[in-house]
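Okay, so subunit A shows up in both of these, paired with subunit B first and subunit C after.
Presenting the complex of A and B:
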């Protein structure tokens, strides 16, 4: 390991703050979509499991936003509950409505694999605080991958109906997946400094891993995806109603200090 | 087994008993059950349902159909349980000693060599005559979590750092029952018939 920078330059701190915010935004929005299954999952055990996964993702958002706070970011609750759709920087992948169980599992699989690989690389960050939270979060994320990979496999190789739904989910989600690997402004410099993982390398590993699972193992087809995408500031019409619901309690009780 | 007469199909997957080990060297204990379609699914589900908070180092799952249980009363009324068939081999023996526990129900206490599940039950009864119930199942029916560091790290380590609060931690509306008891404000037992 090279020398560990204990202090960041101002531009580095700004870029890292932005990166941590977009990571947290993905976690928060996906956790909300997963949470929508509470009481509605196909079986009680999976209801509990998905609620667990959602709580883990929210926990990761908390880790990211707490670190962002040390770089000048706002209070995590403020960031989560008092920004509107114009300020959220989550991917469109995570904001799409929850769909059926196949849609939820395929999305979670695409997301979990990307997060697990990114976090695994981030454990080698030269910025010790980031390496530390990555080491903590990657353990849970590896377990998520096992759970969602298992589900995708059983659905894809299950009945003709489950296979049809799983392929339909992948076809709908796939055009949005590459968005997980869009860099934020200033990210290249942080990667060069060893502070952030090399996103292209993570993307390549992710493509290998999900192609092996989805295509080779599960017999699914990866559709064509657009070569360019709008950025994380462009949302679907689904984000605004999600935030409205997610933030309604906090906004009704702005003075609440203890939940 | 006869087919159920009901016209509504059984929508549940098979039931699996879950055994959790809290720490190396401790017995695996039955903590409850999950429904799952196959062995890996049972383990993943068991982890989510039973290991989010409390500490664990290992999980076993065993399909309900592979488990034989009996109470002393059941053995008196159904002695044929001791003739239950099964493979010859190693059987795990579990015992339930008390009704006063919550969260765990049966401790696995060891293994026996038996010619079938009934024979294993007979041996369990001899080894542990004074218990509330026995449980036996063949070693071949057990699915286990891997013991490699990666599995332990991603399945079990995170739970140790999560906040685990007893129910009493949470506030109540009105006054806590403990407070009322200490103040002598809780009603006692219902008056007995002799006393009435």
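Presenting the complex of A and C:
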């Protein structure tokens, strides 16, 4: 059965709106961190690659936010540029400072694999507009996964120093990664209705995939999983300065149509 | 979001009554892709539908190649302008994501033009596999050799990758298979 905006109940629409915001927020914040490498990446090709990846992630955020707008959400530009850290619902994983190259690639790998697997599952959503977006975005995301998987392998199996940095990055990022699989309020109901993918199933596939790559192939060690997670409404001290920079042009020129 | 929205005609255009969809398609076939000017937006399979309403209004439906493509608003404006240049005042440009754009829609002659321009055309997508760690075989657009190396998996635009040919030693761009 196909779900359309008119067949959603009000609580379903609210939960879906929240989920789309959560998904978009992760994309926007990570894209900003990726963009910080422009002019600073180890080689020119990687400078360009991260700018490409950031563009794709922003494109996906635009798709999610346009869909949210049809459910009563605000204008996508308004959502991105006029909310403060208290209103952003991104994970801590994506807001941490960009760190070194190993940190950036390990974070991107953890994120890209979760996004690709979630999108792949979301292509089967009964909510047609979400299924369409997922089918579009997953084609782009597979390039990110290929790229960052290769980099993590190269760094982990490279020199003792690159291996040390890659393991250190994984150890630091790991406690935050599970937050990607934290359901939003009302998500269980949307999953039962076939509107959203089963997050637990996606989590299990993700764990298998990254364990195979990081442990079996790259020889890294997964730290113990954290027992508790903060909610997506609590942030580190790093989000506020990120938003201040990201939103500065929009806030200086509130009447501009495009910035 | 300033884009989108139906543009209302201020006065009826006399010529608009007789416009044929085929004339609109022809006009759109001369709109170049802003990032690869040797191919048009119809060569790329981006134009999905053209309809002419009873009152002569034209609706063009297009699909974006990459969702984050920065040229999207340029393409949208170019489509609108191309139709207006036919004398149509009531133009609507809509976008659709379904079915998602694929490089399999790029026509044979456009592939040849890409190759002559120095861009290796995309290989067939081979749908179905989510995570392919192997990259599709690519031929050097200059000498035709398959003895090539990918030097960067992301190129100057979202749709391209960078290669070097180990036979003729030339670097080149390759279209991603999407």
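The rule we apply is simple: the second predicted complex is superposed on the first by the 251 of 259 C-alpha atoms of A that agree within 3 Å, B and C clash if a C-alpha of one lies under 4 Å from a C-alpha of the other, contacts with A are read in each partner's own complex, and residues count from 1 in each chain.
Criterion: a residue touches a chain if its C-beta (ideal position, glycine included) is under 8 Å from a C-beta of that chain, and two chains touch if they have at least 3 such contacts.
Bear in mind that the values here come from a model prediction, so they are computed numbers and not experimental data.
Trainee: Would subunit B and subunit C fit next to each other on subunit A once aligned, or clash?
Mentor: Result for subunit B and subunit C: clash.
Trainee: In the overlay, work out which of subunit B or subunit C sits against more residues of subunit A.
Mentor: Counting contacted residues of subunit A, the larger count belongs to C.
Trainee: Is A:133 in contact with subunit B, with subunit C, with both, or with neither (first, second, both, neither)?
Mentor: So A:133 only meets subunit C here.
Trainee: Scan A:45 for contacts with subunit B and subunit C and give back first, second, both or neither.
Mentor: It touches subunit B and subunit C both.
Trainee: Where does A:182 make contact in the superposed view: on subunit B (first), on subunit C (second), on both, or on neither?
Mentor: Touch partners of A:182: none, neither subunit B nor subunit C.
Trainee: Should A:154 be classified as contacting the first partner (subunit B), the second (subunit C), both, or neither?
Mentor: In the superposition, A:154 touches subunit B alone.
Trainee: A:142 contacts which: subunit B (first), subunit C (second), both, neither?
Mentor: both
Trainee: With the two complexes overlaid, spot the stretch of subunit C among 2-10, 20-28, 92-100 or 110-118 whose C-alpha atoms clash with subunit B.
Mentor: 110-118
Trainee: On subunit A, what residues does subunit B touch that subunit C touches as well?
Mentor: Residues 45-46, 48-49, 52-53, 56, 136, 139-140, 142-143, 146-147, 150, which sit in both footprints.
Trainee: Help me check something: in the complex, which residues belonging to subunit B touch subunit A?
Mentor: 12-13, 34-38, 40-41, 44-45, 47-49, 52, 150, 153-155, 157-158, 161
Trainee: Mind pulling up the subunit A residues that touch subunit C in the complex?
Mentor: Result: residues 45-46, 48-49, 51-53, 55-60, 62-63, 75-77, 116-117, 120, 132-133, 135-140, 142-143, 145-147, 149-150, 209, 257-258 of subunit A touch subunit C.
Trainee: Which residues of subunit A touch subunit B once you look at their complex with the stated criterion?
Mentor: Residues 43-46, 48-49, 52-53, 56, 136, 139-140, 142-143, 146-147, 150, 154.
Trainee: Can you list the subunit C residues touching subunit A in their complex?
Mentor: It comes out as residues 1-2, 66-70, 97-102, 130-133, 135, 151-156, 158, 162, 176, 178.
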